[in-house]
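Chain nomenclature is as follows: A, B, C, D, E and F, assigned in order of appearance, with residue numbering initiated at 1 for each chain independently.
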Amino acid sequence: MTEPRLVYKSGEFVPESEATVSIFDTALMYGDMVFEMTRSYNQAPYRLRDHLERLYAGIKILEIDCGLTIDEMEAATLDTIDINRDRMPEGIDYQIMHNVSGGPMALYSSVFPKGIKPTITINVWPLTWHIAPYGPKYESGIHCVVTAQQSVPARLIDPKIKNRSRIYYQMANILARKVDPDAYALLTDEDGYITEGTGNNFYIVKDGTIFTPEGRNILRGVTRAAVLDLSAELGIPCVEKNIEMYDVHTADEAFISSTSMFILPVTKFNDLPVGDGAVGPTVKRLISAFSGTVGVDIVAQAHEYAALANAD
Amino acid sequence: MTEPRLVYKSGEFVPESEATVSIFDTALMYGDMVFEMTRSYNQAPYRLRDHLERLYAGIKILEIDCGLTIDEMEAATLDTIDINRDRMPEGIDYQIMHNVSGGPMALYSSVFPKGIKPTITINVWPLTWHIAPYGPKYESGIHCVVTAQQSVPARLIDPKIKNRSRIYYQMANILARKVDPDAYALLTDEDGYITEGTGNNFYIVKDGTIFTPEGRNILRGVTRAAVLDLSAELGIPCVEKNIEMYDVHTADEAFISSTSMFILPVTKFNDLPVGDGAVGPTVKRLISAFSGTVGVDIVAQAHEYAALANAD
Amino acid sequence: MTEPRLVYKSGEFVPESEATVSIFDTALMYGDMVFEMTRSYNQAPYRLRDHLERLYAGIKILEIDCGLTIDEMEAATLDTIDINRDRMPEGIDYQIMHNVSGGPMALYSSVFPKGIKPTITINVWPLTWHIAPYGPKYESGIHCVVTAQQSVPARLIDPKIKNRSRIYYQMANILARKVDPDAYALLTDEDGYITEGTGNNFYIVKDGTIFTPEGRNILRGVTRAAVLDLSAELGIPCVEKNIEMYDVHTADEAFISSTSMFILPVTKFNDLPVGDGAVGPTVKRLISAFSGTVGVDIVAQAHEYAALANAD
Amino acid sequence: MTEPRLVYKSGEFVPESEATVSIFDTALMYGDMVFEMTRSYNQAPYRLRDHLERLYAGIKILEIDCGLTIDEMEAATLDTIDINRDRMPEGIDYQIMHNVSGGPMALYSSVFPKGIKPTITINVWPLTWHIAPYGPKYESGIHCVVTAQQSVPARLIDPKIKNRSRIYYQMANILARKVDPDAYALLTDEDGYITEGTGNNFYIVKDGTIFTPEGRNILRGVTRAAVLDLSAELGIPCVEKNIEMYDVHTADEAFISSTSMFILPVTKFNDLPVGDGAVGPTVKRLISAFSGTVGVDIVAQAHEYAALANAD
Amino acid sequence: MTEPRLVYKSGEFVPESEATVSIFDTALMYGDMVFEMTRSYNQAPYRLRDHLERLYAGIKILEIDCGLTIDEMEAATLDTIDINRDRMPEGIDYQIMHNVSGGPMALYSSVFPKGIKPTITINVWPLTWHIAPYGPKYESGIHCVVTAQQSVPARLIDPKIKNRSRIYYQMANILARKVDPDAYALLTDEDGYITEGTGNNFYIVKDGTIFTPEGRNILRGVTRAAVLDLSAELGIPCVEKNIEMYDVHTADEAFISSTSMFILPVTKFNDLPVGDGAVGPTVKRLISAFSGTVGVDIVAQAHEYAALANAD
Amino acid sequence: MTEPRLVYKSGEFVPESEATVSIFDTALMYGDMVFEMTRSYNQAPYRLRDHLERLYAGIKILEIDCGLTIDEMEAATLDTIDINRDRMPEGIDYQIMHNVSGGPMALYSSVFPKGIKPTITINVWPLTWHIAPYGPKYESGIHCVVTAQQSVPARLIDPKIKNRSRIYYQMANILARKVDPDAYALLTDEDGYITEGTGNNFYIVKDGTIFTPEGRNILRGVTRAAVLDLSAELGIPCVEKNIEMYDVHTADEAFISSTSMFILPVTKFNDLPVGDGAVGPTVKRLISAFSGTVGVDIVAQAHEYAALANAD
């Protein structure tokens, strides 16, 4: 049996159960923690540096001095992967989470006689259970639902900073599940444009062109950048443009993207079929091409992990 | 020497250092933790039930089933106070913090082999250091600054739910301190109305009437309710009404209120004097009357705690 | 067997099957028809003049010259009731509908060789089937659901003019029924305030006071005026004020009002109980008092009509 | 003398006088009827399939099941044209109107003892009178006026669905005519961008490039698509872009487009000349080229129809 | 013949022709001059101190240090009146204008070898020509027109500061006169509420109560305060409340107020009659009562001044 | 010693001290004066015609008939330069200012017994002092600060008309200087997009591409057009696109442009470094290339003028 995983915490490695944040931490008080989720393909982290650059853009704007340069953060990340390599099942891909906040607030310093320092955690865990449910969804597609909960516009809370003040994601999830317990919430902004899912980016395909919302009221996903790159390689036009609900209703295909599952087809939107209601050729082509790029058949992997998870 | 304080955590009492939240907790993932800050006067919690009712309104809307009725939560709070009574300096008032979230997200359940349950913490700590800095401010007043960071409107994230998705508070603090390191940030909404400070409510006095923003894009503070009640008792008209910056610039007095300091006079607004720039008679009258009500001279207490803190 | 009902149509009485509007009518081309729904109690129309005054305010603003003074319209209404009195079942209350538009558009005059005149229809029909379903709802209450479909603000289309451009009502109905097939859609405005249902006004009760949205982005219902009058008679404070979703979630009671059913209790809001989830005392008191005022036990009537409808 | 025209109505052909809609139809109750206007050139319908596709996009979103597939609707349209061919003057072009709604509302089913079905009408009529007034306007240009009545944004009522809830068109017409009885109303959105006329699309020409508002708060006209196609053929750049009033004031040319008149030059805007106040070369070139494409000199036709109308 | 009038200019009295502002003055560069218009009744300035207090609120917020205290400004005003008393026709009321700006901008100091100081002007002139045209309007009422030009919201430019950046007033005037050359422009805000005229406040009367817009997106007129005071004295309820166009269309009476003419009845609104289209009893009562208060029959004065102006 | 400069004023040349505007001028009353600032390079006016075309667009929209054609205005400008050539130091570049307004308001005509005519001024002055401070800034860069004062959206006051109603520029300056006395205010619009500085346009550089805000809520600067032209010549992509604060925080370089200084690097934004905090290569390349184009080393000139100014 493998030893328990270890977590990098502000300079030390601690057991996973200690991968926690004080209730006096500004991360909770103000929700101003910045984080990243990176996954591996064939046990190699995918676009780690891009994730870290986004992390450092966020902490610059929030004026959090975490004490590590980006190179040091990258090194600490690789150390965390290394130290846990034997603590995770062999040959299984994993997720990496980074968390950075200013640490406990000075106001509460009397509670911390040993002093206060910024909070940094880096931890990894196998993707087995996480990815297992996606298998059938690559084939059936998912159902996206727009609710009364809108995105907070970037001028008020900038979603381009991957931060923790996302209670509106949760409210959107709650409301979407009232329409369909399996639905994925999709957000719109004050102009009625589609923004993003609660943890993923959104795309439609119309007459052979992919459209995805402008990088404004959304997290500019690393996987979104990968989709843009991949489309360019495949010669599929991919345009960043405001998308309205009408455009989804009249699209040929739709899909979402995120770190863990790459992309999932969207075959139902607000209870109506997208296109003919089946997974379309563009989505299939992207999944197939990306599987080639990363050297992992991502649909097969999801099915394989589902089998492992069930066997567990 | 007193023993270390204990924290109520989902049914148990644990050392304060364990008063933490998992990095997989929805409280961090979505910032959807609900919390309360209550303080004591003469070691008796002030309007505890009002705080708990607001807490339960929040978890109802966020559909968090914390497993405790409000009566059970109140009992657990009193237990937490009791168990810590000898662990805090005698005769010193204390703060009580409640935190409630749905606990770690089901998505990450593989990380929690022992299972997942909602997160509840109740903890107390002496107000000595917290209140110490207020002493001189009751006499000088504070400086409130409006920045480019606006309030998030209630239709997007409702501040009437005391929640943790408040990164915009932090941004407002950062920007206000660029104008004056001692400034208190004051927020406005998309209509330009004053809403609240980043953790306090705001008031002006004009021609003998107190005005405070409508209970919309603000936390409806328990101390705000106390100010409304106290004004009624004193026969000072107190009106809930939209306030613009112009109204502050032409007001006779201004002040803020919050749980820990009751009220603080605001004598400077965007670098210009409020009224004649001195603490006004209405603020003095409210402080004096409230001291009588709670049986604690709140200004004297702040000075006394400052002396204790310095002696520490 | 009774003879078929007759409809007043621009000066004549025609069979009900001819109570139609040309597809070239501006009522369809622009949706700019103004209408009214009035009901009888004990076969006497209730507040007919108030309905007609609202109708005439609408056609004034839309600059429709219908050719009848308000007094002539009232007389034509009473004639329509008289002529149909023996054509409706005895002792059954009825609904009256008025429709006024500018008639077919001049652009299409070649299609109307006999000339064009404004469209006016007045028709009546028994309320039996219409009211029958309400019986159990007076006891169980209804479920109101807020969807992504917002009200159109009054500055763009004024709902105070009871007009036919209400496609957004229909979209809200469609979306609400996805959450619960029996749900009643409730609309909000761009500020997140509750406005109205799709054909009814909304109210909450908190600490003994009734609150209903300001008369802005709503139809100012004739029944709403009746509720305000009745509350005043009963000594129940009733305040016109912006209401947010938070206020409904923390209310003691809620209800809607409309011409046909007077008021119905709202016991569920966005899938959460309103107050304790049961019909509250204020709603019961209003229903009982109104039944006295109009001389009709409105709950009993709904049950009686349900029996008649089933027997049909 | 020709026989009276027939109208397709939910499966049957009825006289034109019966081409009506019940006052209980949802088309009137909610203004949620979807419609299309198609015209012929040389007695052949122009881009009929594009019109029907837009019609079916609309009824999909409004969840109206009209009972006909799009192919069946096309066949019924051709049948309607055929059956009326001898009922219209020879050699004259005609307009086709489609209307689809859900039919009378279930609530009022007691009024319809024979049952309820969706409303579908297809009718045709000669364009003689309709087009007659355009003759001189191709030469003088028209006057467009922006009023206080703005477009309803697409997030509230989507104008891309050609629907009947357009009372704001009528209000804009009323207000524009107060400035100039011959003025055409032009709408703007909440951002101040030009959207569309009340039944037409808008364009400016600046330095040899045509600009037309993005396909958002407008009906995406079939003729607009024809203008985009034609410009591409002629090598005139045509850009979909937000247009402000300033841009119209500083444009070289402006014009509107719609099904019946193709395009009309706009030579006056808010009482000020557009460019030098005369019809410009781009407009002339488009009219000439389109006349070639459809095989009809559209300006000559308008003059010819005017002569016929006068002779009538 | 009287000597030419003198103008107080930054400490000196100069001929009226020198009552000018440099083109390098911030008053022109930024439009940030603050001003006041006060009139006399029986040659005594009316509520001068109220005007000056508003002036000083404005310059405080704009951080203009004009070098005079408010008392000194009042004295300078009275001096200006005195010095001009014999320079104006006897027994004629006059207008007083105050202008204050920061003076020429430091950037352009090289153009001012003698140095730069704040700009202050105080000047007076007889009201003869100014008031003459009002005579018939007290009897006929005026026509108010709402155009596409909206008020700038107070959060962007605060109209409560009587400042010179009012180009939108001019645009509204231009547009209103296109509807009716004699029309008075009336502004609305982004919510569609009536705000003010371009230099006057607006009121409606409904069922015996006067309503005037809240003191937000308007200049809080000194005459407006006089109307509120006078109504209170007369026992006429006067409520500050958001007013929509619908409210004007359904009002019994309407009127505007400003310094020079006190109030003028509004008998036409957007080309439709207000109430019955005649001057109503409330307006008449206010004019009569105010004439008593100030000791001047204001309608007679306007007629008298018209006679003088014509005789001139 | 040189003779004093002369100013063109509505047809005459007057001494500079008379280059003033009456306090009754609509330029002050409504802030509706249109103006231009043009500078010379090597004593030749730069893009004068472009400035005049923008001036004439403005007066067209404001319906000011100034009495001069654009050709006459150009001639008057050249005359003004000529007449002042010997009145300015030799070899020094100069600024030209045009001002046009409708002149004193008709309402105040009694104050102007000689009659009223439009106000036109054209004046020139050497740039020595004006440009002197820029020298070190070309090397250090400037600090741009976003404040609570937003731009007025173009739909309310169009900044594309270079007009005098810019009090919000002044408020932004006041607020920015509270953060840093040397800061340049930068404005944002209601969507949070960067618009412009208070008298300059803004740009960022990211991955070799220049981005500048769309020509909407900004003055479309003549120098901005020059930057677009120059970039095209140099093969640097330059895109007009909405820019958010996040984009500035993550940019490689930033700069502003205006008539007098061409461009200045922005090295600090809201107190955080832009890129690495130093002047970047794109800015340097633009300055160098533009110096070549206009035949003036603009950085050297600023240093030279500083020396002259100090020697003065």
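The rule we apply is simple: a residue touches a chain if its C-beta (ideal position, glycine included) is under 8 Å from a C-beta of that chain, and two chains touch if they have at least 3 such contacts.
If you're wondering where the values come from, they're calculated on a predicted model, not measured in any experiment.
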**Request:** Treat touching chains as neighbours and tell me the shortest step distance from chain A to chain E.
**Result:** 2
**Any chain that touches chain E and chain D** = C, F
**Request:** Over half of interface residue numbers shared between chain D and chain F means same, under half means different, so which is it?
**Result:** different
**Message:** What's the rotation angle, in degrees and to the nearest 5, for a C-alpha fit of chain B onto chain E?
**Reply:** 120
**Chain whose average C-alpha position is farthest from chain D's own** = B
**Request:** Considering only mean CA positions as chain centres, point out the chain farthest from chain E.
**Result:** A
**Chain pair with the higher count of C-beta pairs in contact (A-C, A-D)** = A-D
**chain B and chain C, separation of their C-alpha mean positions in angstrom** = 45
**Message:** Quick check: how many Å separate the C-alpha centres of chain B and chain D?
**Reply:** 59
**Asked** What whole-number Å value describes the gap between the mean CA coordinates of chain B and chain F?
**Response** 47
**Message:** Give me the residue numbers in chain A that touch at least two other chains, ranges are fine.
**Reply:** 63, 155-156, 188
**Request:** Name the shape of the chain contact graph, picking from line, ring, star, complete and other.
**Result:** other
**Request:** If two chains touch, include that pair; go through all of them.
**Result:** A-B, A-C, A-D, A-F, B-C, B-E, B-F, C-D, C-E, D-E, D-F, E-F
**Prompt:** Which of the residues in chain C end up touching chain E in this complex?
**Reply:** 57, 60-61, 63, 153-156, 158, 160-161, 216
**Interface residues, chain A side, partner chain D - complex** = 188, 191-192, 242, 244-246, 249-250, 272
**Fill in**
Counting only contacts in the complex, chain E reaches chain F at residues 16, 19-23, 26-33, 62-63, 97, 99, 107-111, 121, 123, 125-126, 128-130, 149-152, 155-157, 163-171, 174
**Item:** Interface residues, chain D side, partner chain E - complex
**Value:** 146-148, 175, 178-179, 188, 190, 270-271
